[in-house]
Amino acid sequence: MTDATRDFGEIERRVRRFRDERDWKQFHRPKDVAVSVAIEAAELLEHFQWKTDDEAARYLADAANRDAVAAEMADVLILLVSAADVIGVDLHAATLAKLEANAAKYPVAKAKGTAAKYDRL
Amino acid sequence: MTDATRDFGEIERRVRRFRDERDWKQFHRPKDVAVSVAIEAAELLEHFQWKTDDEAARYLADAANRDAVAAEMADVLILLVSAADVIGVDLHAATLAKLEANAAKYPVAKAKGTAAKYDRL
Amino acid sequence: MTDATRDFGEIERRVRRFRDERDWKQFHRPKDVAVSVAIEAAELLEHFQWKTDDEAARYLADAANRDAVAAEMADVLILLVSAADVIGVDLHAATLAKLEANAAKYPVAKAKGTAAKYDRL
Amino acid sequence: MTDATRDFGEIERRVRRFRDERDWKQFHRPKDVAVSVAIEAAELLEHFQWKTDDEAARYLADAANRDAVAAEMADVLILLVSAADVIGVDLHAATLAKLEANAAKYPVAKAKGTAAKYDRL
């Protein structure tokens, strides 16, 4: 059962519309969009800089901080969807396919409860 | 009109199931998941390293390369969805809200056709 | 008193020689070198991925792991020195100047013992 | 022949002094310093975001922009030197050693004029 408010296509359409209304596709060279995904990911990470896990938990317990973190996560997704659009990738399908591939790489029997990389299992 | 195969909730459910079947939630401290988003973003960027825009275009014209890039993009999304889950963020709603906020920050009349940051418009 | 084996110029000269012997300056467009600094920084970070601070300390207590981390740190410095070279920055002087600027931004009296950003002091 | 103003030890001593005068070593857990190196590298990269190589060249032709870029590069080096200090790595020696290792990985005869990774040579 799907829920119209959780449609991934809605995000894709609105990301494209936002970009095209501003005539920004000209700047969306694939490499530049990938650079921007990395920059936004670093801005997300900045919220955790110099914080222990306990301090991060206290920080995230505050709704205003959590909203700021959510906005950075949204920026990463917006850029990622933009990258998929210009590169011609179906990000929804690619993600489900990658989860299948990861399941083969990290079989439950071997990977359960360990953070080791697949080549160390 | 929604399409069941483009449901964002489907990605969220499968990301959670993948994690929980392996008992990996214990490693998913928010800071660690944010670190991992940044690492995956850098792996996506690596596909463009030392390439001009023309070289990147030629690289992406090859289906095998494009699949490899799609897999890295999927990894970023998987980690981002994992981060949203442990932090308690509705990533779908946050993304639509951020697009609204960006629209206010970058009004079409001022932002059209320029890559300048909002504070330089 | 200086020590010839700790000369920063020695690193700069050997980085340049390594690049020029391979005729790689053609690839060292400033943006590409900056991209590579970020990619190498993420590879350094990968050594700490999914580790608590205690786990990181145990990991670093092993000489082989510490050597691997040192090699990633070296890669960051090599790329940073390469970036400074093509951009025309004296990295040694810029670093001493930035430490002076940071000292003004984070006065001891206000910054002592707090990890807050300068605009929150 | 060395030049006192190009001494790497001078940078190390001043980075340590800056940190210790502010009692910041307590925050310099190795993972946190590695996180900060990555964040600073992304801030450097931000100067090149959405710019073609030509646009980047024009940007860097302006002395004020070049100074801002130099300051970001300095921040990367300051954090990298801080990481080396807490991890117990001799960054100067590690960098010279890595250049030797890279020379073996990328022999001039095979690597000359190609940006291919060593495993593709």
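Which chain is which? They are A, B, C and D, in the order written, and residues in each are numbered from 1.
Here is the rule we go by: a contact is a pair of C-beta atoms (placed from the backbone, for glycine too) under 8 Å apart; a residue touches a chain by one contact, two chains touch by 3 or more.
Everything numeric here is computed off the predicted structure, so don't read it as measured data.
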Pair with more cross-chain C-beta pairs in contact, given B-C and B-D: B-C
From the options A-C, B-C or C-D, the pair that copies A-D, where over half of the contact pairs coincide: B-C
Rounded Å distance, subunit B centre to subunit D centre (Cα mean): 27
Subunit A and subunit B: spacing of chain centres that average the CA atoms, whole Å: 3
Per-residue multi-chain contacts in subunit B, two or more chains: 27, 29, 35, 38, 41-42, 45, 48, 50-53, 115
In the complex with subunit D, residue positions of subunit C that touch it: 2-11, 14-15, 18, 21-24, 26-27, 29-31, 34-35, 37-38, 40-42, 44-45, 47-48, 51, 53, 56-57, 60, 66, 69-71, 73-78, 80, 83-84, 87-99, 101-103, 106, 108, 111-113, 115
Interfacial residue positions of subunit C with respect to subunit B in the complex: 27, 29, 32, 35-36, 38-39, 41-43, 45-46, 48-52
Of subunit D, residues touching subunit B in the complex: 35, 38, 50-53, 115
